[in-house]
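Take a look at the structures listed below.
You will see two complexes here that share subunit A, one where it goes with subunit B and one where it goes with subunit C.
After this line comes the complex of A and B, so read on.
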């Protein structure tokens, strides 16, 4: 082993062995760093979970057609003639000889949170059986699928979990009409699980939408077929519509909210980190001060100032690493997988779970180490510059 | 090598040679001159006690000789090496090779046991773990503490702690031992034991020892005594 490395390791070891002489200060440092890391991870997990929920439901080979520049389903209107034109578009996959095209109506209904009874907007989607066929990973977990023309609902599992009154068999009232919950479905945790579904004609008539829809979903024969479809639409002036893949649509929807979460989270974490930094700085300064005679003695024996520097930095890095570890454990215990909901960009609630991936935990660890590094840096410089002669000084 | 040559030549160069050394401290704007043109020679194998009133510069002298402080002017040559122009890192290595320090308050690492404290200087060498263990054992044997290797400093008496510190100072076999009040914190009986150990290291192992002390009794163990006063030495030969 190179002599310098051996020096650094032994000075570090001596420093680490002395941590029990400052138990409360060291523990306080570990806990403040842990708190910062927990808060940061909570925000990261929230943002990640939200993004996962939205993008997880999106497919590359399903396209969403809306009125030009509509951006979101709520802003879009398509008339029956346009839907008919889309039915004969090229590049559309077929099932039993019929094109997989799903005209859908998306309306907002009232709901109440289970947790605090807050009134919220929930999405009700009207569609036909093609719409269900277009969505992967949808399975009925309770009851049966809605039947056309009978005001029947199937309810997403996430929505059922977060909001009141949608249990199987319940009757719910939207506006002037009653709806019966006949089934519960899961959709692999995607955003569709935050929706209520019923048949298109029923929703159109109960919400006075005539024969209009808001969006048309279609399955492509293959992802590259979107080019043919775009050409077809561009050639027909009656089709003033935009085509995006479902994946791109969800990614765009996720961006805004996910970014807002991060834009709240990072500054808060950094502000807290400054506090933790001050704590670490104080702890390591104290360590250097109480150990200055030891350090000077090592220097007199012949240990280099470099080893005094890195030995001190190691103490800071170790404390922060322990803090990061503790923070990660707390975050895993308290935040990973918890479910919550927030307003998505269609002004309806999206239910999602905090998602703490290994990548996020690594972020937390790096963040902790950065605090430890910055907190240890100036004390380490001081340690390296302790006058060797102070080894001889009185107590 | 250098040692062999100097042994062959009839007039060996002294181990320590100070020429016109000056040292001034600046304290709150005023200069305190500790040494002005100080000259000193100490032969290899000597045992020198340095006495003098408080503030006369005894510790400052040890710092200069040990390469942990620098002179403002003049030359300090020890073991044929000129210290005045050495870089910090060379000086560190020079200290590791040439000097062993013994402090009034022992300066042991409280969290390390006796053997690990003694081992510290060897971590700066290329010795293997087993070689290090052997040298530590030998050093502890020399100071009579081979049965306390696993004890931590707080489990040892003051005298025993100072013995561990002496073992640490000699474990890498330096030529020169610098001691600042090595018995200043010990009772008379224990002090005598420590001083006998130093005497033995000088006599049997040929260590050159410079020992600062306030205690005339302690000074009697040395071969000669230097009195430092107002920046100059007054020598008193001892008939031992």
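After this line comes the complex of A and C, so read on.
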């Protein structure tokens, strides 16, 4: 082993063993860094969870058709003639000879949060059986599917978890009409689980929508068929509509909110990290000051100033690593998987779980090490510059 | 040497340590000030709501329409002073990302009911009322997009299209308004409901929410009940709430923001509490010998206690004030940014609250070291030193 490396290792080891001489100061550094890392990870997990929930539901081979520039289903209106035109569009997959086309209505109804009774917007989607066939991973976990022509609801598991009054068998009142919950469904944790589903005709009549719908979902024969579809739409002036893949639609919907969370989270974490950095610098400077004689002695018996430099840096990095570890554990214990909801781009609640992936934990660890590195750098320079003579002076 | 300078000398004996600790406190209070004002700005909608205003919306949800005829029917209810209504536009300028809060309104009743909140020069108000294709825009919006009075501005809607299929509404800027209260930026545009209603391809004769001013806030409940009962069994049942409750419901939809805010502020304060209390304890430990000397010289233990406690308080107050000052600066800077969505204001009670937190921080970090210094006897102090 090269001499320098050996020296660095032994100086580091001596430094690390002296940490218990400064127990409170060292613990304080670990705790402050842990707190900062926990806050950062909480925001990252929130943003990631929201994004996963939205993008997890989108398919590459399902397209969403809405009126031009509508941006969201809530804003869109399509009339019956347009739906009929879409039914005969090219590139659409068929099931039992019928094209897989699902005209859907997306209306907003009131619900109440279980946690604080806050009144919130929930989506009620009216559709036919094609709509359910178009969605992968949908399974009924309780009860049965809604029957056409009756005011019946099936409720997504996420929605049921966060909002009150939608248990199986309940009667729910929207305005002047009553609806019965006949089933609960899961959809692999995707955004569809934040919805109420019912029969299209029933929603159209109870919500005074005549024969209009808001969006049409269609399954393509293959993803590239979207080009044929676009050409077909461009050639028909009656079809003043936009076509996007479901995947692209959800990715765009995810963007806004998950970006806002990150835009709040990162600056907050960085500002807090600056505070923690000040604490770390304090600790490591104190460590260098109390050990200055020891360091000078090491220099006197032949250790290089480089080894003093790295020895000090190691102490800082170790403390920050422990802090990062503790912070990750706290975040995993308290934040990973917790369920919450917020207003999505469709102006309705999206239920999601905080998702603390390994990639995010790595982010937290790197963040902690950056604090540790910066916190150790200047004290390490000071340690490297301690004059050898100070080993022999009285004080 | 006065007491004050003694405290100061002790505090700054290690310049570096003083600076670092001060900086940590600075950051925590900077965050404290900004986050508190952010919270306040988010809830500003509920603050500006007038006590005598009620909002009537569709009972299913406020995004569902109400028939326009309700406006006149509500006017006849006893105790109702003024009625106006607004229809959401889903508007943007040129590109969807330039999203604008836009409503189609009945200009005369709209300006009357919000006379205390919307500051618009009388001649501009008159021009707007008389110009069917006119609109008024918030000063913030006008500044952001460089709009001038008299400009013909194409406003797009992601909901309403004209009967010819166009989704762009050409509007004349007749007025630029400010919001009278300090904490709300003047955003948004308002256009004539009649113009929208006549030209739109669907949704005719429906509106979004109906706003009423009652003759007396004491009548609010009674009137709200009267309205909701009148429409209870119609296809468009209503829900009538105070304006404050209606505005607050938007923020509640975002999630438990106050919990997030309390947690983040709490975490930031917790970290500095750890940092500062350790630094204080260490700094007093290092001076054990000196404290012995002071006591030997005849300084009463009480004085020693007070000196150290004052040191901790002073540290918290200086760092905290600097942090709050920086937060104020930041808030002031953002107020000048055109299009900044929130108006951050550090209200007197936020300052007062921060002062309280500084004192608590000073006490928590100073009491134990001060008590140790108070207790230690001279002989022990000299041995330990």
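The rule we apply is simple: the second predicted complex is superposed on the first by the 394 of 395 C-alpha atoms of A that agree within 3 Å, B and C clash if a C-alpha of one lies under 4 Å from a C-alpha of the other, contacts with A are read in each partner's own complex, and residues count from 1 in each chain.
Basically, contacts are C-beta pairs under 8 Å (C-beta built on N, C-alpha and C of every residue); 3 or more make two chains touch, one makes a residue touch a chain.
Bear in mind that the values here come from a model prediction, so they are computed numbers and not experimental data.
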| item | value |
| --- | --- |
| A:14 touches, of subunit B and subunit C: first, second, both or neither? | first |
| Which superposed partner A:38 touches (first subunit B, second subunit C, both, neither) | second |
| Partner chain in contact with A:389 - subunit B first, subunit C second, else both or neither | first |
| Touching partner for A:293 - first (subunit B), second (subunit C), both, neither | first |
| First, second, both or neither for A:304, with subunit B first and subunit C second | first |
| Comparison of subunit B and subunit C by subunit A residues contacted | C |
| Subunit A positions touched by subunit B in one structure and by subunit C in the second | none |
| Of subunit A, residues touching subunit B in the complex | 3, 6-7, 10, 14, 17-18, 21, 293-294, 297-305, 387-389, 391-392, 394-395 |
| Residues of subunit B defined as touching subunit A within the complex | 59, 62-63, 66, 68-69, 88-89, 92-93, 95-97, 101, 103-105, 107, 109-112, 120-121, 123-126, 168, 180 |
| Subunit A to subunit C touching residues, read off their complex | 24-25, 28, 31-32, 35-36, 38-39, 67-72, 74-75, 77, 107-110, 115-116, 118-121, 174-176, 207-208, 212, 240, 268, 271-272, 274-276, 278-279, 281-282, 285-286, 340-343, 347, 349 |
| Interface residues, subunit C side, partner subunit A - complex | 16-17, 20-21, 23-24, 27-28, 30-31, 58-61, 63-64, 90, 96, 156, 158-159, 161, 165, 167, 202, 232-237, 249, 252-256, 263-264, 267-268, 270-272, 274-275, 278-279, 281-282 |
